[in-house]
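Presented sequentially are two complexes of chain A, the first with chain B as partner and the second with chain C.
This part shows the complex of A and B:
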């Protein structure tokens, strides 16, 4: 009976564990489904542990429970002290601990095998990856700043940890270690690549290139997101303010902008368009474009009168506009924008700024709005971003 | 060993593609969450430590290193799940304000 359990039920538990793990990880990659990810991953781990206990015998259950339980409590205590929205570098110690653990196991395995055999070499590689993962994670704990290279290092911590686990699985011929370790390893690498790409750099360039290039325009506290996240916030908003600028004109995005407005109105939102006479290439440029797209005139608000609307807006979509939402510059007598009408968005809910890059607007002045905590950038061509936003809004409607 | 090795290489190769596919496109706000999740995934490494606690493979440190490894992996799992909860909570609050 025990033999049957070992040979059939344990692999089945592993299989369920692997599938549930992947579903959980997949869920974590989308804003809408992220909540489902946590229980799935917990269940995956539970099944993996149950399968291993079944396969290897219940004799070591006590030691396993005591050690892993102790670790779990300690880890949970440290994790509960994390800031509410930690940067990627601040959570790197989690995969780092797992990698270090796997490294220790691999060190023992390297002693158990002849170091000059294939197994010995694999064990040494697993030990190296695991210990590296832990070591890099330790280094990241001392770097409070969230730079792109720190984020990439954090992703590589996960990659090394995963591969170390996979190699240990290869040594002990254990399927769950191989599969889940392999997936975590590649996923970590893919995460690193994505993080690097988001910073406009290549993975290698970030890790080994010390020279900082990239046009950050003198900004350092910028948050950016995709259209999915923006759509989620906007579709639950009651009052939406749309602030078009030169970027909308260049991208010829006025029709798409109008459709975004219509989609939001269908959800019961009150949508207002803020027009500044100075925005665009010619006076009244925005009026002309919005008129061409067929935006009803009663939706338009002049920038001088838009203050109260900005205060009650839950979501603001700034499309290719920069200087007309730069209050700080308009209030500074030394600034070329001094005295220009500008819309104060500091009291608004979530502000999304669609912009191609962080290059300053026409007047060449930095905009402090972009660095405020309620502001999120959406980088891209105004028309393409609007079309993606429309697709997200349509797909979420039932 | 070669038969096992071959299967293992298949599994690793499939895992490779799966990993790349799952994380093809991610919004930046989810990076920290995914990293915490990957920590829990890597915590299955605790299964590896179990092999050293029985008589399959002798432990030179009498179970010392595997025991520490279990504590570390347990911390990654427990910490990862709590961190995920906190991150998800912060996420909801952030949306609530919007």
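This part shows the complex of A and C:
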């Protein structure tokens, strides 16, 4: 009976674990399904642990159970003391611990092999990766500031830990270690690359400090997102401000902008369009374009009067209008925009800035708004972004 | 200890590595941090590794290392999941916002009526 359990039930548990685990990871890669992903991964891990206990016998389960309980309590206490959005550096030591654990296991294994054999080399590699992940994680603990390079290092901590586990799996011929470790390893690496790409850098460039030249415009703390996330935030907003500018005029996006506004109004949001008389190519350009698209006049607010609206807005969509929201430039006597009315969005909810790149606008200077934590960039042509946003808003209705 | 490197194991590893890359590749930036914390928590699979190696034999060094490994890995999994959960709760805005929308609908409703 025990034999049957080991040879049949344990692999089945592993299989279930691997499948559940993939589904969880996949769910976590889409905003709408993300919350479903986390419990799936936990269930996958539970199945894996159950399979391992079945397969390997229950000799000193009490000892290990006690350790697991201790670890669980420490983890829970640690997590409860962190803010809801902790810096990656303060979280990375967790996978570092797992990597260390795997490294320790690999060191144990290495005792059993001749160091110059293939197994010995694999065990040494697993130990090295595990210990490296712990070491990098410790280094990250001392960096409280969130920079893209810290985020990439944190992803690599998980990657090293994953690969270390996979190599241990190779040595002990355990399928679930191979699968989950292999997936976690490359998932960590791919995540590192994606994070680096979002910061406009390559993985190696970021790790080894090469600064990308080009139109990053001197910004260093920019967050960007796709239309899916923007749609999710906007569809639950009660007060939405739309700030169109030259970018909308050039892309001829006014009809699409109006449709975004209508979609949001259908959800019960109060939508206002902020018009700067100087925006666009000719005075009053925005009024003309919005009028052409059929935006009702009572939705328009002049930029001078928009301050109170900005304060109560849950979501703001700035469309190719960065000069209108550049308060710093308008306050600087040396700047060409000095004295122009500018909308202060620092007190608004989520701000989405649709812009083709980070090149400065007419002001020729950085816009401090872009670096504020409530601001997210959506890079792209105004019309294409608006059309994608409309599609997202429509698809999420049912 | 049974300790040959099985070629099938290498195959499984390579395929798993490809899957990992393709599942995560191109994930939207909003999810980078929660996904990172989830992949972090996944690393706790090393608890299975610790069980696999130290669970079956009675030997002081192995048991000690295994015990430390298990404690470390469970700290990771519990901490990692709690943190991921809290991060993801921040996006719940989409859903809970929809629920609270009915209560708040009266306010924007007035403005909407006037606009039409």
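FYI, the second predicted complex is superposed on the first by the 364 of 398 C-alpha atoms of A that agree within 3 Å, B and C clash if a C-alpha of one lies under 4 Å from a C-alpha of the other, contacts with A are read in each partner's own complex, and residues count from 1 in each chain.
Keep this in mind: a contact is a pair of C-beta atoms (placed from the backbone, for glycine too) under 8 Å apart; a residue touches a chain by one contact, two chains touch by 3 or more.
Given the structure is predicted, the values throughout are model-derived calculations rather than measurements.
Engineer: Clash or fit: how do chain B and chain C relate after the overlay on chain A?
Structural biologist: clash
Engineer: Have a look at where A:238 lands relative to chain B and chain C in the superposition and call it first, second, both or neither.
Structural biologist: second
Engineer: Does chain B (first) or chain C (second) touch A:315, or do both, or does neither?
Structural biologist: In the superposition, A:315 touches chain B alone.
Engineer: One more residue to check, A:270. First (chain B), second (chain C), both or neither?
Structural biologist: second
Engineer: Can A:15 be said to touch chain B (first), chain C (second), both, or neither?
Structural biologist: In the superposed model, A:15 contacts neither chain B nor chain C.
Engineer: Quick one: is A:299 in contact with chain B, with chain C, with both, or with neither? Answer first, second, both or neither.
Structural biologist: A:299 contacts chain C only, not chain B.
Engineer: Just checking: does A:111 make contact with chain B only, chain C only, both, or neither of them? Give me first, second, both or neither.
Structural biologist: both
Engineer: Could you look at A:349 and tell me whether it touches chain B, chain C, both or neither (first, second, both, neither)?
Structural biologist: First partner only.
Engineer: Would you please give the residues of chain A that touch chain B in one complex and also touch chain C in the other complex?
Structural biologist: Residues common to the chain A contacts of chain C and of chain B are 21-22, 24-26, 28-31, 34-35, 37-38, 41-42, 45, 48-49, 51-53, 56-57, 59-60, 63-64, 67-76, 78-80, 82, 84-86, 88, 91-92, 94-95, 97-102, 104-105, 107-109, 111-112, 118, 130, 151, 154-155, 158, 161-162, 164-166, 168-170, 172-191, 194-195, 198, 223-226, 228-229, 232-233, 236-237, listed in rising order.
Engineer: Residue numbers of chain B touching chain A in their complex, please.
Structural biologist: 1, 4-5, 8, 11-12, 14-20, 22-54, 56-61, 63, 65-91, 93-95, 97-98
Engineer: Which residues of chain A touch chain B in their complex?
Structural biologist: Residues 17, 21-22, 24-26, 28-31, 34-35, 37-38, 41-42, 44-45, 48-49, 51-53, 56-57, 59-60, 63-64, 67-76, 78-80, 82, 84-88, 90-102, 104-109, 111-112, 118, 130, 151, 154-155, 158, 161-162, 164-166, 168-170, 172-191, 194-195, 198, 223-226, 228-229, 232-233, 236-237, 314-315, 349-350, 374 of chain A touch chain B in their complex.
Engineer: Using the touch definition up top, name the residues of chain C that touch chain A in the complex.
Structural biologist: 1-6, 9-10, 12-21, 23-56, 58, 61-63, 65-94, 97-98, 101, 104-105, 107-109, 111-112, 114-115
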